[in-house]
Amino acid sequence: MIADQLITDKGNSAGDEWITVPAPRLREALAALKEDGYRLLVFLTCVDHLADSSREWPARFEVLYELRDMEKLRDLRVRAFVDGDPPQIDSVHDLFPPANWDERETYDLFGVVFNGHPELTRILMPDDWVGHPLRRDYPVGGEPVEFSEEHETWQTPPPEA
Amino acid sequence: MLESYVPLLIYVLIVLGLVGTVASLSFVLGPSKPTRKKLAPYESGIIPETPAMRRLSVRFYLTAMLFIIFDVEAVFFYPWAVLMRQLKWFGLIEMFVFMGVLLVALAYIWRNGGFDWD
Amino acid sequence: MGLEDLVDSLGQNVLTTTLGKVLGWGRGNSVWPAQFGLACCAIEMISTATAGVDIARFGSEAMRASPRQADLMIVSGRVSQKMAPILRTIYDQMPEPKWVISMGACASTGGVFNNYALLQGVDKVVPVDVYIPGCPPRPEDLLNALMILQERIKAQGIITR
Amino acid sequence: MSIEDMTGQGVTITQTGEHGAFGGELLTINFGPHHPSTHGVLRLIVDLDGEQVKRVKPIIGYLHTGIEKQMEALRWQQGVVCTDRHDYLSPPINNLAYALAVERLMGVEVPPRAQALRVIMSELTRLSSHLVWLGTSGIELGAMSVLMYCFRERDTIMDMNEEISGFRMHTSYIRPGGVMADATPRFFDLLGKFLHEMPGHIDEYEDLLTMNPIWRARTIGIGRLAPEVAKVVGASGPMIRGSGIAWDLRKVMPYSGYENYDFEVATNDGCDCYARYLVRIKEMREAVKILEQAVDRLPDGPINVDDRKMLPPPREELETSMEAVIHHFKLFTEGYSVPPGDVYVAVESGRGENGCYISSDGTHKPRRVKFRSASFVNLQALERMALDHMVADLVAIIGTADTVLGDVDR
């Protein structure tokens, strides 16, 4: 079972179990969970909590791993909070093969650098694209549309930025 | 003696004439505006950087050679088919022997894996 | 070179206009589309080509895979920023005379998605002849656009643009 | 080398001079974005030794539409439109994932009639998705007539979609809080006639393909995916069921009332393209069985949650009660807000596990919506399945992975 001092926070959100793990020791936690039976990484993504007033967030970027145990049919979400410019975290592509492309996509859209990834390049955006689109301070873009108050706000970064 | 070939000559001339006019007509009348981008090699939308001229694997050569051998074999059937009546039994047996030799060769190549690719 | 020089030298007289009508009739009734299926509209384009709605009645059944043998490009689907240069390359590699139908709202104006990732309208990259609204338009809409295009081709005569 | 470190090999463009088995140099070609048989705008960089594929590197992103950023800028009820369009072969199933996620965050449960209507629309979509797959995969391997047969049935399903929701493909029928409208009697007539004929049509496809020597030669033994590799790579749907593992989310983690329908999980332990073809054919038969049970036992009652915060009140109430007008006004100017928290719901689409992860910060727009796409993960298995096959087999392997590039690139 995963060592208890690794888990800094634990809870249940709308029926999903989740735990928070300190980012520097993420690989250790995921390896322990893999031994414990969570063999499948369903997906890996990042949430940008810039100016998020709903709760007190330890850091801006929350990288989360959705693990699943196919025998005992239980899911677990592992969160790791990262900050810094660019935010760095260890890559787990050798523990969970599906993480390879997920990490490249998270790097491409959020700018989170995964140390140790064999080929950390852009996967969805064109290779010469500047900026990471899914960050909250990146404008939605597109063309301004007359007579629609929503689209004016999309050209400029959201007010909370 | 040659006049029995005249209809063949006329036929060849008609064919060449027809093909010639159709090809040249489309070449002369058709709009052709060659631009550098249009003439670039088409590779599913990407202009390739790597040169396409590469040393080919020897298997292509093997396959081509086998095709030629068994295709040329078919050429020998035509004169035989024309003279089959006069040659009577001798021609028939001779052609079976000829085909037999080539069938043995085909079986040998097949068993030794000359046809499968990897 | 060919017929166009004929028109330049002889100008518009009874010979060239009738020849133009014959050419227009020939080109109009055998418009070969290039298979440029991108997203959901491509599925409706395929169902236009099947027996139910049968585009073959209009002479456009032979959906050519390579641009060399096509003279109509049906842009069916949303064009992302990464795909735009490739769309332009394919358009350049098509021999004249060539036409473009922009199928669906996404190809015509960016449609539902007005954001950083999509080209807001394919007419920013290639000259478009007929636009089709709808997301995705019904197969009958594509036939309607093809009939409009055929009228336009027949009216163009020898020099098309 | 073990499975783990085979990941992320990635293919570098071969330098000149790297030699294949028989002395020929490796040729790098583009199985590019504009290609008739890549089921969308997928680009593969393929290293060929003669006819054999030595390395494959998929390059995606040519259909990236920024759907996840778009949904962050739209209100909760407006986001349903985007969920239709990223996996455009199974729109209602994506709506279902989004709707279930929002409902679990709000803590509401839709009435049983809505759940049954959702199951009906999901199974109809699974049928139409498999029909499009069978048609296009058939025509790519030379079976022209299969396309015509399959799209004939797909058109009847599209007519049913149009009857129930007014739209052929992107129905947006399943919304947070219930479904758009109740099914009309004509819909049930069409559905009854369709269910009566469909098993016969599936037999037609089987007659065309199952014992067809060309189809079998092109698919048996092509694109092998061993069971343990399928599990490690995270494949789902027909990709994993074709390797003998009975993993179907409708059975394993039932949602929206799937537990009270009895159907078998279609598996086949051939581990190759032919096995996955048989799995999809059997899934079509199972979908017809589920639809029959759903229509027989359709409970009546309301089709929406009666929570006025989430759904507009019925029209006639607007004349009488003042609260209805206030609810109506608030709903259509600002939209409802979902309590903070995050949730992940996985549903079984035609391609595998399509999921929707939502992180909400209590405002009336989602903080982050992430679609777990089955094709995105199944495409990573392509690098392994295509090794040492012929170039022509690449077409069958891309076909059997049944990737929808809108789903891959989102």
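The chains carry the letters A, B, C and D, assigned in the order they are written, with residues numbered from 1 in each.
To be clear about the criterion, a residue touches a chain if its C-beta (ideal position, glycine included) is under 8 Å from a C-beta of that chain, and two chains touch if they have at least 3 such contacts.
Predicted, not measured: the structure shown is a model, and the values here were computed from it.
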Checklist entry - More contacting C-beta pairs: A-D or B-C? => result A-D
Checklist entry - With chain centres defined as C-alpha means, what is the inter-centre distance between chain B and chain C in Å? => result 38
Next on the checklist: Need the CA-centroid distance for the pair chain A / chain D, whole Å please.
Outcome noted: 24
Checklist outcome for this item: Distance between the CA centroids of chain A and chain C (whole Å) is 43
Checklist entry - Just curious, how far off is chain D from chain B if you go by their C-alpha centres, in Å? => result 47
Checklist entry - What are the residue numbers in chain B that touch two or more other chains? => result 45-46
Item to check | In chain D, residues with contacts to at least two other chains | outcome: 32-35, 61, 64, 66, 69-70, 73, 409
Item to check | Residues of chain A engaged with two or more neighbouring chains | outcome: 125-126, 133, 138, 140-141, 154
Next on the checklist: Chain contact topology under the given definition, line, ring, star, complete or other?
Outcome noted: other
Checklist entry - Which pairs of chains touch each other? => result A-C, A-D, B-C, B-D, C-D
Checklist entry - What does chain C use to touch chain D in their complex? => result 35-40, 42-44, 46-47, 50-52, 65, 67, 77-78, 80, 82-83, 86, 90, 112-118, 135-136, 138
Checklist entry - Can you list the residues on chain C that touch chain A in the complex? => result 81-82, 110, 113-118, 120
Next on the checklist: Which stretch or stretches of chain C touch chain B in the complex?
Outcome noted: 1-4, 66-68, 86-87, 89-90, 92-97
Checklist outcome for this item: chain B partner, complex, touching residues on chain D are 13-14, 16, 20-35, 43, 49-52, 388, 390
Checklist outcome for this item: chain D partner, complex, touching residues on chain B are 43-46, 48-52, 54-60, 117-118
